[in-house]
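Take a look at the following structure, please.
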Amino acid sequence: MSKQTIVEYATRLGDDALILGHRLSEWCSNGPFLEEDIATINTSLDYIGRARMFLSYAAELEGAGRTEDDLAYTRDCRDFKNLLINELPRGDFAFTTVRQFLVDAFNLFFFEALVGSTDTQLAAIAAKSVKESRYHLRRSRDWMLRLGDGTEESHRRTQTALDDLWGYTDELFHMDPLESELLDTGVAVDRAAVRLRWEPLVTELIDAATLQLPQPYTLPGGGRQGVHTEHLGHLLAELQFVQRAYPGLQW
Amino acid sequence: MAQRQTEQDLERRFQARVDAEEKIEPKDWMPAAYRKTLIRQISQHAHSEVVGMQPEGNWITRAPSLRRKAVLLAKVQDEAGHGLYLYSAAETLGTTREELVEALHRGKAKYSSIFNYPTLTWADIGAVGWLVDGAAIINQVALQRTSYGPYARAMIRICKEESFHQRQGYEIMLALAKGSAQQKAMAQDALNRFWWPSLMMFGPNDDESPNSAQSMKWKIKRKSNDQLRQEFVDQTVPQIEVLGLELPDPKLRWNEARGHYDFGAIDWEEFYRVIKGNGPCNRQRLQHHIKAERDGDWVREAMRAYEDKRRGREAA
Amino acid sequence: MAQRQTEQDLERRFQARVDAEEKIEPKDWMPAAYRKTLIRQISQHAHSEVVGMQPEGNWITRAPSLRRKAVLLAKVQDEAGHGLYLYSAAETLGTTREELVEALHRGKAKYSSIFNYPTLTWADIGAVGWLVDGAAIINQVALQRTSYGPYARAMIRICKEESFHQRQGYEIMLALAKGSAQQKAMAQDALNRFWWPSLMMFGPNDDESPNSAQSMKWKIKRKSNDQLRQEFVDQTVPQIEVLGLELPDPKLRWNEARGHYDFGAIDWEEFYRVIKGNGPCNRQRLQHHIKAERDGDWVREAMRAYEDKRRGREAA
Amino acid sequence: MSKQTIVEYATRLGDDALILGHRLSEWCSNGPFLEEDIATINTSLDYIGRARMFLSYAAELEGAGRTEDDLAYTRDCRDFKNLLINELPRGDFAFTTVRQFLVDAFNLFFFEALVGSTDTQLAAIAAKSVKESRYHLRRSRDWMLRLGDGTEESHRRTQTALDDLWGYTDELFHMDPLESELLDTGVAVDRAAVRLRWEPLVTELIDAATLQLPQPYTLPGGGRQGVHTEHLGHLLAELQFVQRAYPGLQW
């Protein structure tokens, strides 16, 4: 179990947080009302902070003199390893809410498990992330209920978002050889076990929100192999512009 | 006669309380004009905090490092929070946030016209943080002693965070000014473009500002526009020298006799053009704010519908 | 009896004309199944041209040189034009573009599943131009001799432009393959991702494709899927060698006895998953096409309203 | 009248064409119907072609070994010199139509004048651009009539677009010292004269389309000094990504 596999694992978790943090930050000044703008920026801040911790750990462990910013600003989309659900455009408030709910529920159980990692740095980041995810999940559950069981229009938009997002949830639970190897050594989390906790919570809340569980379908993953949607490239063009246009400087 | 009599008594007793530096509280009697001036001023301040999220939000997705991105996100979040305090402070005067935002959308209420200038480069975020928050602090420090209690308390709380923001803005300028030639040029360019609009933030000259005198009498406003502007210039010029940037105004020079910096004439024609609505970003800012609200209509309706259903269930 | 009799006569005379390589024209009698197969095939081809504008359109704004940007714009414009020809060819069979697009939106009609793969890098635009247009040309050259007149003529016209497009795609790959290590890796990566989907463009194996035989009998289809696929492989492997890129399939080897290249097994499970709608971009492509039409509703309504007013004015 | 001023003039005209061409190209696959998609791509092609001619001439005249691509892909927004009306986001079909109409009308008269330039290269580009602009203007006039005098909704959208765009038209006619100097030597066009032809055509068509001439107002120009709207930076992050991420290569 080489150090390099933990570098890869930390990079994956860092990219997940960075890319979703970016999508959340796009809501700034665009929220349905001021209090919600503040809450969404706050969630974005948690994700960007988490991304910094994972990416700086990956860079440090890699030992090639790279920094969290080198990872965030100088890799092209084929070298990013985030799961596809995180990179999808923010869509309307229903799409952002449903995505956040599906990911918050996953993150709560995932980080609760990661707290037990044999890698102390990952466990420490996980401990902070559990607290954040608990708070995020409480918020996104409330919003799922308000939108699902609100008006005809909010119900329709939320059901559409759920149907569009459902195919991307499978990738959350996929264990590839790298993570299976790290699971055996107690570093990584068993995503299949997370699914056992995730599914009942999600199906129960979908029901409470008077929504239909989507017809099961699965879209190809690929995020861990750098095979992304067409959206990530446009996101990175925006995120990386200043470091690309003025390379090798301090900011 | 009697009725007018008590009106004058009330007014005299009110002015005596103000002169004695007492805080006027929401439940106390206050002249209608005093209430109206406060609502206008506090709501303008609240709108400025909220509209100000747009020019800074413009660079969150392109912040050149993760640390800067986090710091900028936190700053914009604070400003949204300031907006909330100020809307609540205004609501203690009997208005509602909806009414105030409605007035903003109909162009009846204003926000600080510095936000009608575009943030074109990352250095502009440094300049906005350093200059705009710097000017805002000078305004707000004075307002901490404003006669209306809720407004004064809001100012005390906001000022702490603003000075933190100002330092972050200056830190960006420092990193650029000490960086590469391109970075230094970017910082100089931002300073050049935001210098005069920052001076304009303090409003027209004293002899030009209509309701200044009355506000001073009511101690809503504790210092005049020109005094505050001079304070800002005196505070900022040394900082420009520390940055090693060129002064953005050739007439800026220390005047030993006055004990202040002299500076060139402000282009009041541009000041009034921007206030009237023809600055670079006036339409964009307002349309952006209106669009965010409209796109959120169905969300707020869903919240109300859900609340009603829940209350209905609980009552049953 | 008589009625069925003439039906059989008509069918026999029709088949004789087809066997004699005569072109069937819109006004000629044709079996209902022949018409239905043609409408399905021509509309699928038209939808493919139009949906294909999305993955290529994805890189117009980021084309890495102005020349490449202009070439790509012209290519996508040609493809939209091909879509128009093909919709008109289909309309000669008694259907309308609205009906065909409606079927696409309801998931009843298909388009070439190669466009359900994302174009992730600029090299993908090279691969799509080179491989996808290459496969399309092989398909369309055969279709130039299809029995239905309007379709054959459309194919002749389209083929000319497609080969031009293919050369442009290959030119991009050449520039990358001969460029920096990063550019060469980008080209290899694009080849690796688009190789197998390109082989799948020719459809299921002959023994698997249900309506192939009948189409061959009607000379709608002149060569079988496997024949066309083999032609594509034989044509493309030498081009890979000229590029100096690694073969994307370890089993790719020249078989002297067969006089063809052998290649590995196609992942038919992925083929059917993508056809069923669960490829990476199926939903995105369809939602994009539907949104463009919905956003244009008010535009088309305005056109109709203006036309009516104009005609009203002329009649008055 | 140094060569450098003609380089600047050609760069301005090149940036005008490049940036509007980019906005038009964003309509690809998003048009209200297929024929319109084709027509808009065609217009975009004309503008990109025009941009290439002006920018390659500017680069050649500058004699510093730069190419049209160096100008297009390696300048940041403060060094771009396009007029602001060209960089505004494409908006809805009404906004794109009204902008195109206002700019087509300007371009027709501007290039008709530029054909007489003493600079043969500028005159040659102008000759080609006149033909294109005539065709573009015919198309955008037809659309202005259809949308203005179509339905209540198309009328409302078109009037809103006209009001939002009107403040940006003034910059089309502003003569700064550089262009005044070039005017004296017969190189540049007198934009004030163009206005005399532009205004009647525009006001007459606005009336025919049953639209109201907006209350006159003027927004600050700045494009020629590199003072742009906040939109240009985001556009360039997209346009320039590949050359910024992989600098100094042939494509």
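By letter and in written order, the chains are A, B, C and D; residue numbering begins at 1 in each of them.
FYI, a contact is a pair of C-beta atoms (placed from the backbone, for glycine too) under 8 Å apart; a residue touches a chain by one contact, two chains touch by 3 or more.
Protein identities per chain, from UniProt: A, D = Phenylacetate-CoA oxygenase subunit PaaC; B, C = 1,2-phenylacetyl-CoA epoxidase subunit A.
As the structure is a prediction and not an experimental result, all values here were calculated from the model.
Subunit D has its Cα centroid 41 Å from the Cα centroid of subunit A. A separation of 58 Å divides the Cα centre of subunit B from that of subunit C.
Put simply, the C-alpha centre of subunit B and that of subunit D have 36 angstrom between them. Across the assembly, subunit C contributes residues 62 that each touch 2 or more other chains. In subunit D, 76, 233, 237-238, 241 are the positions where the chain touches two or more neighbouring chains simultaneously.
Chain contacts here follow an irregular pattern that is not a line, a ring, a star or a complete set. Chains touching one another form the pairs A-B, A-C, A-D, B-D, C-D.
Per the touch definition, subunit A reaches subunit D in the complex via residues 76, 233-234, 236-238, 240-241, 244-245, 247. Residues 55, 58, 62, 118-121, 189, 193, 273, 277-281, 283-284, 287 of subunit B are the ones that touch subunit D when the two sit in their complex. Listed in rising order, the residues of subunit B touching subunit A in the complex are 50, 53-54, 57, 60-70, 73-74, 76-77, 80-81, 83-84, 87, 122, 172, 175, 179-180, 182-183, 288-289, 292-293, 295-303, 305-306, 309. Those residues of subunit A that touch subunit C in the complex are listed here as 76-78, 164, 167, 217-220, 222, 227-230, 232-233, 237.
Subunit A meets subunit B in the complex at residues 18, 22, 25-26, 28-38, 41-42, 44-45, 48-49, 51-52, 55, 68-69, 72-73, 92-93, 145-147, 149-151, 153-154, 157, 238-239, 241-243, 246, 249-251.
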